[in-house]
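We call the chains A, B, C and D, going by the order they appear; numbering starts again at 1 in every chain.
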Amino acid sequence: MIKVGIIGSTGYAGEELVRLLLQHKEVEIVWYGSRSYVDEKYASIFRNVCEIVPDICKSDDLETLAKEADVIFTATPQGYLAGVLNDNILANAKVIDLSADYRIKDVSIYEEWYKIEHKSPQYIPEAVYGLCEINRGKINKDTRLIANPGCYTTTSILTLYPLVKEGIIDPNSIIVDAKSGTTGAGRGAKVPNLYCEVNENIKAYGVLTHRHTPEIEEQLGYACDKDINIIFTPHLVPMNRGILVTAYANLAKDVDYDTVKAVYDKYYKDEKFIRVLDKDVCPETRYVQGSNYVDVNFKLDSRTNRIVAMGALDNVVKGAAGQAVQNMNIMFGLDEDEGLKQIPMCF
Amino acid sequence: MIKVGIIGSTGYAGEELVRLLLQHKEVEIVWYGSRSYVDEKYASIFRNVCEIVPDICKSDDLETLAKEADVIFTATPQGYLAGVLNDNILANAKVIDLSADYRIKDVSIYEEWYKIEHKSPQYIPEAVYGLCEINRGKINKDTRLIANPGCYTTTSILTLYPLVKEGIIDPNSIIVDAKSGTTGAGRGAKVPNLYCEVNENIKAYGVLTHRHTPEIEEQLGYACDKDINIIFTPHLVPMNRGILVTAYANLAKDVDYDTVKAVYDKYYKDEKFIRVLDKDVCPETRYVQGSNYVDVNFKLDSRTNRIVAMGALDNVVKGAAGQAVQNMNIMFGLDEDEGLKQIPMCF
Amino acid sequence: MIKVGIIGSTGYAGEELVRLLLQHKEVEIVWYGSRSYVDEKYASIFRNVCEIVPDICKSDDLETLAKEADVIFTATPQGYLAGVLNDNILANAKVIDLSADYRIKDVSIYEEWYKIEHKSPQYIPEAVYGLCEINRGKINKDTRLIANPGCYTTTSILTLYPLVKEGIIDPNSIIVDAKSGTTGAGRGAKVPNLYCEVNENIKAYGVLTHRHTPEIEEQLGYACDKDINIIFTPHLVPMNRGILVTAYANLAKDVDYDTVKAVYDKYYKDEKFIRVLDKDVCPETRYVQGSNYVDVNFKLDSRTNRIVAMGALDNVVKGAAGQAVQNMNIMFGLDEDEGLKQIPMCF
Amino acid sequence: MIKVGIIGSTGYAGEELVRLLLQHKEVEIVWYGSRSYVDEKYASIFRNVCEIVPDICKSDDLETLAKEADVIFTATPQGYLAGVLNDNILANAKVIDLSADYRIKDVSIYEEWYKIEHKSPQYIPEAVYGLCEINRGKINKDTRLIANPGCYTTTSILTLYPLVKEGIIDPNSIIVDAKSGTTGAGRGAKVPNLYCEVNENIKAYGVLTHRHTPEIEEQLGYACDKDINIIFTPHLVPMNRGILVTAYANLAKDVDYDTVKAVYDKYYKDEKFIRVLDKDVCPETRYVQGSNYVDVNFKLDSRTNRIVAMGALDNVVKGAAGQAVQNMNIMFGLDEDEGLKQIPMCF
């Protein structure tokens, strides 16, 4: 059994790690870390695991944990892991970081968008950007540090990657209009996240300044081998889970449906977790709810010579905890879908 | 592998049977029955199973299905199964009926509350009322017909059973105030079930006339060995899943917390799917969402000499499809929780 | 024009006072009080009044305000007003208190249920309990202090008052099962009120300990002229507004529908804001949304000799701000519905 | 008093006409037309107007109605009015049509996008496109027929009009990503509009084929005096009311914030119902809920040389019934905001 510790286990991504790992055959959770609930029973906070998890929440002491665990998941605020990570920890346990600390290779871009000084840039080069379907080949038993991708980022990149990689679209024309459920806003006690502030409302936020923008740009830039600038607009939707991306771009080639479909199939046909939908069927977040699936599709507009590409996933699963487990599976040489076989719960 | 057929697979309970049975190791679904979608791809209706279920919907021909399946689940409107069930079918396959047709032993009560003539009352005596935790002993490999309990009924009975059985309360004083998610209203296209009619609203319905009333009365009557009359009031809540029962009754004995807790533990301590919560903790539907669990608890009111007993479950799982699978497991001698190990999804 | 000041204008009840008073012909709001947003533009907090309210939030300095206003609404936490109220204030301005400070005549009961020492019990005797339809006669131009009733209380009392007053039911058998929208939980930044904690869930809370219990008991006790004990159970519903009460009681007399209907009509037929619905029609919160209406109805159960009485209102209007404005109208001799003519917004 | 008849009064836009007109001082509703509920009490269908509206629903007999009413609102399915309108009707009453029948001047475009033969194209030329803020000057006491704009269209045009009119953007680069509440889907009993199908989900629909596309193109084409092609993508959001438009376009000029702000102010500063928000404040649908307001704003992106323009309104008010009343007010020479003074209900 792989011994697992979770730092930040009482946030939404943390809880979801618990839910998934409890259904994973090769794993034992040895540490439920939490800053706010130390010494409280985990099952008294998330009562869904009542009579299932007898553990008490422990502090977020990474050094001690590293000696007890084979792998540590950190579902912590930006800057936290960068401030505490050290060689000792990495020597003792693998780390899969669900925060943004090691996602962006250019530390100045990180510091510009996150308004935080990066405390341990020396670990950025070795961190693998854990977008499994694209970077699977870079992850193996020697990998020590995974930068687990952001939720908006995973949706945006997987929706657009084949188009960018194959030169179907002009990458600088990309506009990503994204809609997220409210778990994406985290479990902090803030007025804007209260029920009555979110319910019966839709709004854009972080327009032109959202921190997932440079992450999407960097990764799609690798795909087309150049620096690109895109527009990314997130919206808050009154629902718990799910991200829907509706992306727009100018076509760079004269293509028809079959050509573009073949491009998507080239990259995704054999991917268990990515489903390219039938012609004209639009992704809906409910059809991936609670699962690690990503549904994608596209439509071509001959009137404007543009493409509309769409993708949907569950932000706390494939957009966070599920992808983290998938990365762990790859690191440890397990079946990639171990612990991730949940059928989506569509209502 | 047990070959399973589902009649009514495109309603909410039907879909949930599919979701659960796809995660069951000993089962193969051989028939996706549907009246409305014959010859359509099942995964085009419930796209959560896209790339998972390749099957086409078939008609609801029970006779043919009985020859191909070991067990048939019927998630059909009231009166349907009673109208078509015959010896041939029962000779070929076990039947687990999610409708109310064989739940009530007194056919005149059934006909009075359901306003339907019962077409095959001859099968009522052999039908086992499949409330697993209470009637487990009556279900075995020879059982041919299970009357799977109603959703409100399961919640109400499991919440009150120990109190009635042990004479803690006056059963004729019972008032069940129940609140249900909207999947309970079914998937029929009716104006009152439209999003904008249900959202931002709560209402009682079927006050004093709801058809789960006699079912609760009959089963709790068995527990105290007399005929009883209760009040049952269902309410429609703007959420997809979940039933919460808040039940009230006069205490028949002078009891304290520990005594009543011991009574609950006597019946439920070893039950995997029933969780008696810690003192003062109230059940919430979200903590059982997507799972077969039932959470119960109670509070004693010395001011009025009454008890408030509460129970929560997921109406489409323990209140329908999950309990049906649990019944199947018992019938076939499998582990009772096979296919039912989902951790609740609490958001 | 009546000059109005609002203390606590940036909570949900406060905002609703603003919304209603802006539509009141005889009123001018001169003070938007707030503890959290002093010196901020009111319309930057509640942007629905953008370009309508140019005012800046002021502190909650009641003494100064009393000199500038004819009437002060206090939508403040329990204990606040009792701690600052004095003769000077009452000499200068009328006070309508939306908190519980002066609702309960027996100060020991207040202190027992609220766990707060009452700092100014000397004002309790003169405070009029502002349940307009029942206490209208006690409110006039000389009234200095109104204790505006609680939201659950208003719904519960108006639903049951005619039955208790006319001896139709045994008041000690009353059970009130209440369901509230989430504005009732206030606008404080607390984890249990976050969108993802409330959405897709229903729960009871404050079972047997909720502080509206003694308020209901006291007022219904006046109606039947004895001390009574009831059970009151509130539930949190995933919607913004609305309270639905489903109340149960034993019949004390042999009555039929027409008799009980006549009793309701006796008290409510001429009340603009109370609507006794047609036979068998159940109140729904959506049909009173945004308005000062209360919809009530009842059903008799000959099987158990009990009555089910139901009532629905909008907790922030008739359950708070609307009733406060109604009280102001009575105090100032205005038409009782001035500023309260909004047609309910049923979706 | 203006005598008003409503055809289609039992749909969502019809009910909203009733709600608004009941609060209009110069109007008397003389005809509640309905196809589905003839001879039923209007207040038994929409119980919010219980004890307010005593009327019975009448048939949709336009000829008879025209003799009894001064103005007729038709909130009917596409093609209905075009099939029955005639000179007699227009000679007797003004008609404000909330359907799309007379919105598009080029009948071939109407027939292409709506897949319906237009039965009375002879009335198209005289129909005034009732986007009040832009076409106010074309509406007067002699106007007989108003084509009331679509909900998505109103939001999209008002968000983009100043930018197109003043040549700030390249109109052919416009992408409108729109999000709508579910009242926009109508009150028809269809499975995709059931509560459990809409709740906890977001999806795009009608991608590249939605029928509001040519209406937006035609009207914005007038603003820049050329034929344009845009992309319009609607999404269904789990909420009752509201449309949010997030629009993207390439800048055609080198502009800064102040320049663009001045352009918006030029057209909207004196408009009561259009509010240009403060810098960096994003429109949210809740802040216009229940009212006739439109909130707009924009952000400039120097990285990509594009603009993000945003607009929010209530689809059943400014997007339907409210704008229809506004048009009536202009036609009859009344204050433009008569009956439309509701303060938005922000929760």
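Here is the rule we go by: a residue touches a chain if its C-beta (ideal position, glycine included) is under 8 Å from a C-beta of that chain, and two chains touch if they have at least 3 such contacts.
Note that the coordinates shown come from a computational prediction; the quantities given were computed from them, not determined experimentally.
*Asks:* Which chain has its C-alpha centroid at the greatest distance from the C-alpha centroid of subunit B?
*Replies:* D
*Asks:* Would you mind telling me which chain pair, A-B or B-C, is linked by more contacting C-beta pairs?
*Replies:* Result: the pair with more contacts is B-C.
*Asks:* With centres defined as the mean C-alpha position, give me the subunit B-subunit D separation in Å.
*Replies:* 45
*Asks:* CA centre of subunit A versus CA centre of subunit B: separation in Å?
*Replies:* Taking the mean C-alpha position of each chain, the two centres sit 37 Å apart.
*Asks:* List the centre-to-centre spacing of subunit B and subunit C in whole Å, with centres computed as mean CA coordinates.
*Replies:* Their C-alpha centroids are separated by 39 Å.
*Asks:* Which parts of subunit B, given as residue numbers and ranges, touch two or more other chains?
*Replies:* In subunit B, the residues touching two or more other chains are 12, 183, 196-197, 199-200, 238-241, 284, 286, 289, 347.
*Asks:* Quick check on the complex: what are the subunit A residues that touch subunit D?
*Replies:* 172, 175, 177, 179, 181, 196-197, 199-205, 207-208, 229-231, 233, 235, 237-242, 244, 246, 248, 282-286, 289, 299, 301, 303-304, 306, 308, 310, 312, 347
*Asks:* For the complex, which residues does subunit C have touching subunit D?
*Replies:* 12, 15, 19, 22-23, 44, 46-52, 183, 200, 240-241, 275, 277-278, 281, 284, 286-291, 295, 341-347
*Asks:* Taking the touch rule as given, give the residues of subunit D at its contact with subunit B in the complex, in rising order.
*Replies:* 12, 182-183, 185, 187, 189-191, 193-200, 238-240
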